[in-house]
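Each of the next two complexes has chain A plus one more chain, namely chain B in the first and chain C in the second.
On to the complex of A and B.
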């Protein structure tokens, strides 16, 4: 869902960059406060894994494909939406600068969408879904699906503001494709949470106890 | 699983995913591109045939709408390394993965409050 430069007029791209920078600053504050010696390698490996899995485009119907975003996973494992902002920002910088994946003027909006909105929806989706199942895996699946779906709808609204997509058709097609891609997001999020939780039960914070403050 | 094993197992998984990604990944347009081509008439929203000529025209058309002509010449566009095809792409994704790892590790170390 990386928005290329051509999809958004420069003045709007600048506004999104401004909002993104605020959240990037808050994510750095999160890193400064929360980072302990044993969390540093976890953050690094999680960031590397999310970069790698984003390169795996899985085919979906209608001649389209989708890949994992990873924001919900980062927020769930590290227990804060700001973890997602921190990790997705790094991933998007490397993708945009080195590989031309996602624009540079639109990097702000991509950080806002995938890092901030993806991270917050993933985090609160996980918190809200956990009591329904009393089980972290379906909660992780729902958080993953919802995070991707909401980001897709927000992107459709941004495309409408940019004059690139008409609102209704944009919401419809983005919703249709990403409703399916969300199944990939939810499944990999739940699988990764399972692997991490099984290998190191001590790492994952209990959903009812997760902190929010940056 | 002790901490060291856990981290190295995670890193090994990331690198394996990076290495196989270009060989298994679908080259179909992603969800946003698919929606874009559908809306600009290069494919049916629920069809799978992409009209390459219409797709190219759509890309010019959208630049006209937004007026954003900015474009960065990235060193490895679309994860390609000159003339190396899929192995080049695998190398590019591996390089990216290691770079993200190094930046994340370095940055968290720098911003972290000393004890």
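On to the complex of A and C.
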């Protein structure tokens, strides 16, 4: 879902970069303020971990392989959508500059989609779903599914605004595909949260105690 | 993708005139080339500009002494999503043309438009050129040099510190993920094995993901403690030495930038039409 260079015209790409920069600045502020004792190194190493998680090949029912986005997972476990923004920004910089996955001019829009929207939808999806089930795993599933699905729809709208992909076809194909892939993202998010909650309950922030944004 | 990391770094450690150029010059040139390529409006001007830019890239790639197969291998990894988007262009209309001419009709009423084919080819040229410069940059510059270069160019200290640590641990997790994959293989587990129930396969992959998360979190804790012991604090930053740009670096940058800036302007004003 990384939009490559050339698919968003320069003026629009600049607007997205501007919005992304605001959120990057907010996430830096979060990292300084909210994380006890200035734990920026911890987030940096976690970013490398999320990069590795995105590299894990995930089987998709019809035989191909897919990759996780991980924004919801980071936001849920660390208890803040800004954690996802911070981590995904780092991951996308490395993917864009080192690997050419996602572009340079489109890095802003990719950070906005996967980091900001993925993180916020994942986090608030989790918060909203938790009271319904009184259980963190279905909530994590819904958060994972929703984050991927919403990001896919937003990507389709952005491509339509750029004039590089028609709206209806984009919404339909991206929505349908990621609606299904999202089930896998959701399941893996839920199972990974289960593992983390069982093995290291201390690092999970309880949903009832989750702090809301800086 | 993380497996390519070791390969990319291996190529970046080779020696050549391109490898030895200051990272700053290469970063500025590659980024400018991509921005210039994206800035050219969606029109046939893209062909001539793209061709000259690609020649510039090819010249630098040849000077770097890397084999064309290295470039092609890296290109193949990057292409899929972009190619998918480009391929679908030929069946749909877009707002950049006034009218569309049908050149072929496929079953189910799907039509191929001449203008859309042209638009797809324009996107392809822009996409390939942009990606090529990124491949050139990362194949000829070590990650540490890239980071220090970015720092010297004014990337905020918060980012150089964090990115530097992240890059270092990428290699650690690259090895870790390889080890995990190998140990799953030695237990004859293949996530794509259709004989196993899907739910089971997904569960195992999810645990691998969860384990990676915990291991990276614990690594982060250890790193943080180790850094605290060595005096890490709020004011810590990556130490970057001052390094002047040599004449060679300036010459490289000036020549490259001249091409990157002049070609689109000349092509756009119509003074220069090679193709």
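Observations
The rule is simple: the second predicted complex is superposed on the first by the 194 of 214 C-alpha atoms of A that agree within 3 Å, B and C clash if a C-alpha of one lies under 4 Å from a C-alpha of the other, contacts with A are read in each partner's own complex, and residues count from 1 in each chain.
Note that a contact is a pair of C-beta atoms (placed from the backbone, for glycine too) under 8 Å apart; a residue touches a chain by one contact, two chains touch by 3 or more.
What you see is a predicted model; the values in this text were computed from it and never measured.
Contact with chain B, but none with chain C, is seen for A:174 once the two complexes are overlaid on the shared chain. By the touch criterion defined above, A:1 reaches both chain B and chain C. In the superposition on chain A, contact of A:62 is made with chain B only, not with chain C.
In the superposed model, A:152 makes contact with chain B only, not with chain C. In the superposed model, A:40 lies in contact with both chain B and chain C.
Judged by the touch definition given at the top, the superposed model places A:71 against neither chain B nor chain C.
In the superposition on chain A, A:112 makes contact with neither chain B nor chain C.
In the superposition on chain A, A:88 contacts neither chain B nor chain C. Touch criterion met: A:52 reaches chain B and chain C at once.
On chain A, the patch touched by chain B and the patch touched by chain C overlap at residues 1-2, 5-7, 9-10, 13, 28, 32, 38-53, 55-59, 61, 63, 65, 90, 93-101, 103-105, 163-166, 169, 199-200.
Against chain A, the residues of chain B that register as touching in their complex are 1, 3, 6-7, 9-11, 13-15, 17-18, 21-22, 24-36, 38-39, 43, 45-50, 59, 62-63, 65-72, 74-79, 92-93, 95-105, 107-109, 111-113.
Chain A contributes residues 1-3, 5-10, 13, 28, 31-33, 35, 38-53, 55-67, 87, 90-91, 93-101, 103-105, 152, 155-156, 162-166, 169-170, 172-174, 176-178, 181, 199-200 to its touches with chain B in the complex. Taken in their complex, chain C has these residues touching chain A: 1-5, 8, 31, 34-35, 37-39, 42, 74, 77-78, 81-82, 85, 88-89, 92-96, 123, 126-127, 130-131, 134-135, 137-138, 143, 146, 158, 161-163, 165-170, 172-174, 176-177, 191-192, 198, 201-203, 205-221, 223-224, 227, 232-234. Per the touch definition, chain A reaches chain C in the complex via residues 1-2, 4-7, 9-10, 13, 28, 32, 38-59, 61, 63, 65, 68, 73, 77, 90, 93-101, 103-105, 159, 163-166, 169, 184, 187-188, 190-196, 199-200, 203.
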